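Heads up, the next two complexes both have chain A, just with different partners, chain B and then chain C.
Right, the complex of A and B next:
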C-alpha cells in the first residue's frame, strides 16, 4: 500500500523531512565481489572439481580454496586448471617459488593445462592443506587470450621445506570462459574437506 | 549457479597512538575466509610483522617466505615458532612516510577439521636499499576456529596511524 499523505498533529512536531524513505539511514550497497559457487569434497574424494555455466556478467573471476590430494609419494601436489574443457596444448604457465632455503623459477609452453603450485597431500602430516588464490582476468572478453595469476602455498612445519609460489598462466583462446576444471597433477583425487569457491568481481 | 554479494568489512582499526599490537576479537564464524589488509610502520627499523591466532603464543606456527630485495631473491622458513612472520620489513622505516603493506588471506578459518593456513603478500619500499616485496605461507597447527587475530611487531611498537581492516568472505 502506498503512503500518499501524512498529516501532522500534536504528536508530530519538530520532525525532520526526508526526501526518501531511507530516513537518514545509508542505502545498502552490495559489494562488487560475489560468491558464484562452492564445491566441498566429501568422504569419497573427487578426481575433478568443475565450475560450469559460469555467467559472463562479471569483469573478473577468482577461485579461492584449500586442497589436499591423495598423492602418496610426496607431501605436495599441483592443481591443474583447464578452461572450457580444452585439453589441447593451448596453455602456458610459469612460476617463481621459495622453498624455505632457496628460490626457483620455471615455465612450460604449449602444454595442456595451467599448473597452480602447491597443495598438501596424504603424504603430509594430517590436517595440512595447501591453499590457492587464483585470479582469472577479463574472462568474458572475446578480444583477448585469457590470463591467470596464482598465489599459492603449503607449509609443513617440517624444518626441511615448504612452498610459497607466485604463478601465472595463459590460455591461447579468445572465447568467454564458461567452465573451469581443477584436478590434481600427481594424485588422482582431492581428499575430503578440499574446498574451492568461485567468485565474480563486477566491473563498473 | 547461486550468487551472493560478499567481501564484507568486519572491522577497521587505526592506531591513535603507538601500540605493540592490534587485536581483532570475537570474530564471527559466519564467513569462510578472512582477508586482513594492513598498512603500517614500526618504532624500530626493519623489524618483523607477525600474525597470531586465538592468543596462542605457543610454538605452534611455521612459515615459508619468498622475498625479493635489491640484493636478490631469497627464501626462508621458520618451524615451531610463536607466530607467523608476514614480512621482515615493517615499512622499511620508522614512520608512515614509508609504510609497509600486507594483504593476508586467512583461509577456511572457521572450520574445525583442518590446520589453518594464511597466504600473504607484502611490500615495503623506501628510497634506498631497504626494500622488499614478498609472499608468505603460514601454518597454525590447530583445528580450532579462529576467533581472534593479533598483528604486531616482534620488538618495539606499531606507530600511530597504522591501519588494519578485516574483511569476511562467505562462500556460496
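Right, the complex of A and C next:
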C-alpha cells in the first residue's frame, strides 16, 4: 500500500518529508555531507590508518576522529598526517593551544609530515581518547597547494592537564589528494577503539 | 538527522575580487556554514585581516579572539568586521588559507552570534591562526553574507561555499 500523505500530529511526524518531483514542488536535494569511509582500530592496534582511492567528486574533505596511542612515556601524543604517500620535506605546520593555564604557539617548516595535536596515550588514564576534526578545503583543486585545518584536543580528567589546539598544515603540492595516512608521532601504534571517519562535502 | 546542503558558491576569476557576497539566503535552514579557501593580493605582511558582515551592515559587530602567530599566542577583541585572516601574496606561493564561519540561528529573532576558525599557512614561522566568537547586535534574519579583506583583493582560485544546515 502506498503512503499518499503524512499529516501533522500523526505518528509519522518525526519522518523527513520530501516533496515529490511533480510540477510545482521543489526538487529533492540530497545532503552535501557524505561518509566516504570509517576505520575503527581492532584489538591488535594499528600503526597507520590510510584512506586510499579517495574520489575527486567532492569539494572538501573532513576527517573526524578519536585516538589514543601506545606511547608509554607521556600522556599525550600527536597524529601525523601525510598525503598521497609523500614523506618528503614538502610540508609545514603550525599550532596555537591552550592548556587550561596558559597559551602557546609554534611552527615547523620544510618538514616531512603535518602534526595534528593532541590525543591520549597508554600513559594517560584508561579509556581517554583525544578528538580531532581535520578540514581540507579544495582537496582536488590543482591550482592550489593543500592546506589542512585541525581543531583538536584532549582532557585527562586530573584537573590540571589537557589541551585545546587549533592546528594547520600545508602540503606544497598541487596534486589532487587521493590518499591520506594517519600515524602516531611518538607511539608506534593506535590503540583499540581509535576511530577515524572520512567525509566528503559536495560543492555542486 | 541533520542535513547539510549547498546554497551557493563563488570562485574568483583571473581579475580578483574585492569581496564575495552571498545574497537572497533563504530562511529555511537552522544554521549557516561558510567554507573559504582564500589568498589576498597584497604584499608585505604574510597575512591580511578578513572581514565578515551581514545584510550589508558593517555596524554593531564585535568579537573576541584567541590567536597564534607561529611563535606566540595571545587574545584580543575588536569592534570591527575583521575577525579572521587570509594569507597574502607574500606567503608561500599557491598557498591558500582555510576559514570556516559558523552562524547558528541566522534566521531567528535574537542578536546573531557566530564562530570562526581560521588559518593562513606559510612555509615559514609566521602565520595567523585564530578562533573567534563574533556578535552582530541585530535581530534581523540574515539574508546576505559578505566577506572582504581589509585591503587588497581575493586572488584567482579563491573559493567560498555557503551551506545550510537543517
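Simple rule for what comes next: the second predicted complex is superposed on the first by the 176 of 204 C-alpha atoms of A that agree within 3 Å, B and C clash if a C-alpha of one lies under 4 Å from a C-alpha of the other, contacts with A are read in each partner's own complex, and residues count from 1 in each chain.
Quick note on the criterion: contacts are C-beta pairs under 8 Å (C-beta built on N, C-alpha and C of every residue); 3 or more make two chains touch, one makes a residue touch a chain.
Keep in mind that what you see is a predicted model, and the values were worked out from it rather than measured.
On the superposed chain A, the positions of chain B and chain C overlap enough to count as a clash.
Of the two partner chains, neither chain B nor chain C is touched by A:43. In the superposition on chain A, A:33 makes contact with both chain B and chain C.
Residue contacts after overlaying the shared chain place A:128 against chain B, while chain C stays out of touching range. When the shared chain is aligned, chain B and chain C each come close enough to touch A:166. Look at A:195: by the touch rule set out above, it reaches chain B but stays clear of chain C. When both complexes are overlaid on chain A, the residue A:53 reaches chain B alone and has no touch with chain C. Look at A:98: by the touch rule set out above, it reaches both chain B and chain C. Of the two partner chains, chain C is the only one touched by A:137; chain B is not.
Of the two partner chains, chain B is the only one that A:157 touches; chain C does not reach it. Note: residues 31-33, 96-98, 103, 151, 166 of chain A belong to the chain B contact set and to the chain C contact set alike, using the contact criterion stated above.
Chain A meets chain C in the complex at residues 16, 29, 31-33, 59-60, 92, 94-98, 103-107, 109-110, 135, 137-138, 141, 143-145, 147-149, 151, 166-170, 172, 174, 201-204.
Within the complex, the chain B residues that touch chain A are 1-8, 32-33, 62-67, 73-77, 79-80, 105, 107-108, 111, 113-115, 117, 119, 121, 135-139, 141, 143, 169-172.
By the touch rule above, chain A contacts chain B in their complex via residues 30-38, 51, 53-55, 64-66, 96-103, 127-131, 133, 151-159, 161-166, 193, 195, 197, 199-200.
Here chain C touches chain A in the complex through residues 1, 3-6, 9, 35-37, 66-75, 92-98, 100, 117-127, 129-131, 156-157, 159, 161, 163, going by the rule given at the top.
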